[in-house]
């Protein structure tokens, strides 16, 4: 009796669902994918006409076409040639600590001066990972983002961001030449954003657990004083760290770039990570989580950022940090403007502001990274730029900046296909489950 | 039931242990909000009002608090209207698919928040093309309100429907027999009877929306920060935790009278029934 | 997600106050409109039920269908949906060993939380409803419900700090969290800690329906059982429990489904080490939405099965 009633109920529910899905189902299948090609097709015409910044909704050229249209030296087609009036508002996606307005520490504030100067009130959305940032940009609700190299490629190829006209960003001239027009922030000589700063993912360790300071990436993957208390960055991009370990310990695999892994090399990296699970006590996503456990002494070694090390040390944690001698992964962040930006003028002004010597120095010191503006080194505290190797290009030679893996091998191999980042993601989810 | 003194004492003991279990974390939070250090270790290293002063001085937590209030009020209003309508229909009429509708109402709280959140986010970011009109919900405050209203409906619905089921249909018939028309009956009989359950359902819906984080973080637009979002972001900031302890203590204190009122109104009849 | 307590069902005996207008008044606009609707029941059904059902179907069911549909489309290299149909994601979500393991783990944790809640809630509810002095009852039940109003996130972090072990020589500051400092023992940050925290968060949802069920239980039943010579334990097993089954089932819907889908508590407590199904869905939501959507089929299916099971125990007659 009861069963019958219930079956009836479920049956009715299904009927209701099916009628409802007549319209909803259609939208799901057709509208979303259809919109992308349409806007791409429309863009060459809409961009050619635009004198000033593209109006909201007008999409700029996607990556494939921009390469053709660009001539070196001149601003890329589709970029604005002059700035219009401030729109009064700015919505940006940032890494934690990149847009401080004094609410964390009243002395740390480079947003309020910007707001006063430009009249753009800034809404900050903190992205906790590159993947989340890409996701947020895909909503089209934001004007810009501070993207790391593993997000920039996806944003450019997905048409989420526009090329920029660096003439409208006076401070661009002072950016270290070593950071300009790199694969992660440009396409065929067309800049897609302004370099913000860079850092290496460090090996952090508890100085009391390690009588002799470690300097090798093997600390993370092999038995040792920190076994069972290791802290790992919780993102698919961490697979590259395992690849660097393999580059040093299993040269036979022939890995030359940790972001260009064929299937065999990739499988080997996953095997290493599976074995590592037994040593790990934490997979951190929020940097304060790792900071807390470094202070609590429950994490004895891990992959870390300089800012975490600084904050934990300030609270008395007995730790040290080095760049592993085998090389390390790292990041080089780029401010990019959304192709659907509703407040592009404010975004351009922000990009100029954030790489100004003052703001760039303030961010670099607060976040703990090497500034991108050469003049910022005059404004930071004594020795800061040395600590962070801002001007020391040799230091960065063995830093593998986060990059999105693609099927076309990034190391130039053509005889094999590489494992694309989407498969990294699935493998990481499976590994973590 | 006659229970031995030992049974009574042990039941009382378990209840006290249960209440201690429920309140220890809240007390820990309240005490830590007065901690001198930026630490959650026990016992606190000293006491100060620094974090309270900081919470008072900074605008972000206060803005977030009022943002949450606005969202919760809007979502509760929608939920009250839709939930009440549904509860009237479900108690008045019999129709094909009635039990399916009652399942439909419960679904948003039975399914995990992450499923609701992911589903709504996926839909809000799509261009919805209905042929004659095409639009996108997008993300802002409105998207949070729509999402919250969806899972708040069940709360108001449950409260009112239970009250209506208890209501004798004779009352309405009597009213009609005495010559009152439908609206008159509603205004004079039905509404006074369900009024307290509306308030109780409204308070519960408000509380539900006010504290929601999962669906909120998936549907919030740029520049929108509710109190739970602010708290979540604070955990990701250095030295953010002590101020969240302050805000949590404030919210707990404010909610005591509301919780009391909601409870009183949900079973206001209990006192009258003399059981 | 914190949820409101399930409704307490109580009998309705409010005095009728406003009946002093018995004179028939059958003219006038309102009367005519109301007669119009009374004659057309279908129309009035539509007028009352139309809006709420439309909202639920369009906003909620519509979104769920969009989500399920998203699981069946291939993504391009930039994780954007294409129009290409594929069952790869669903197959992967339903057959990969690691995912099956995390689903099983989530179910076991949800069941453990439900069991813990039940063991604590039964005697508490019984004491409040049947043993405590009547004038204490409301205060006690409000005391049980009040913690629901304190922020979910704050309570999670509070437990994290309470569980903090004393890491001894490696820690920056000596000492551990509340438990370590007071009783010298802590479960650490593992599965046990997650179960305790979840049980804490959802306990009121179990106490409330059981309390309501006990309140409805006439005292005469218990007295009759006693008069017939049943010992309290016997009375409990043969009289109280059968009547309480629907209440327990109703409460368990909350404890089970809220625990099953929770991903924030495991992340806060275990520092990302222990994953439940919600964590995997959340992680993939940022990276591979199609696979993430496919994985939501698990909780949807489990909850539907659970709801069916509980409705056989008459849980819905109580909620």
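Per-chain residue numbering starts at 1, and chain names A, B and C are given in the order in which the chains are listed.
Assume a residue touches a chain if its C-beta (ideal position, glycine included) is under 8 Å from a C-beta of that chain, and two chains touch if they have at least 3 such contacts.
Treat the numbers as computed from the prediction; the structure is a model and nothing was measured.
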Have a look at which chains touch which and call the overall pattern line, ring, star, complete or other. complete
A count of C-beta pairs in contact puts on top the pair B-C
For chain A versus chain C, what separation do you get between their C-alpha means, in angstrom? 37
Separation of the C-alpha centres, chain B versus chain C, in whole Å, is 13
Mind pulling the chain B residues that touch 2 or more other chains? 39, 102-104, 126, 235
What are the residue numbers in chain A that touch two or more other chains? 6, 10, 16, 27-28, 30, 32, 138, 315
Spell out, as numbers or ranges, the residues of chain C touching 2 or more other chains. 57, 61-62, 66, 70, 164, 173, 285
Under the stated contact criterion, what part of chain A meets chain B in this complex? 5-6, 8-13, 15-16, 23, 27-28, 30-32, 35, 89, 91, 96, 103-105, 123, 125-126, 128, 138-142, 286-288, 291, 311, 315
Where on chain B is chain C touching in the complex? 1-4, 7-8, 10-12, 14-15, 18-19, 21-26, 28-29, 32, 39-43, 81-83, 85-86, 88-90, 92-93, 95, 101-116, 118-123, 126, 146, 149-151, 153, 155, 157-159, 162-163, 166-168, 171, 175, 178-184, 188-189, 192-193, 204-205, 207-208, 211-215, 218, 227-228, 231-232, 235, 241, 244-245, 248, 251-252, 255-256, 258-260, 263-264, 266-270, 272-273, 275
Where on chain A is chain C touching in the complex? 2-3, 6, 10, 16-17, 20-21, 24-25, 27-30, 32-34, 36, 129, 131-132, 134-135, 138, 154, 157-158, 206, 208-209, 231, 234, 236, 280-285, 289, 293-298, 300, 312, 315-318, 406-407, 420-422, 425-426, 428-433
Of chain C, residues touching chain A in the complex: 57-58, 61-62, 65-66, 69-70, 73, 75, 77-83, 92, 96, 98-99, 101-102, 164-165, 167-173, 189, 267, 271-273, 275, 279-280, 283-288, 291, 308, 311-312, 314
In the complex, go through chain B and note every residue touching chain A. 38-39, 58-60, 96-97, 99-100, 102-104, 125-130, 134, 138-140, 221-223, 233, 235-240
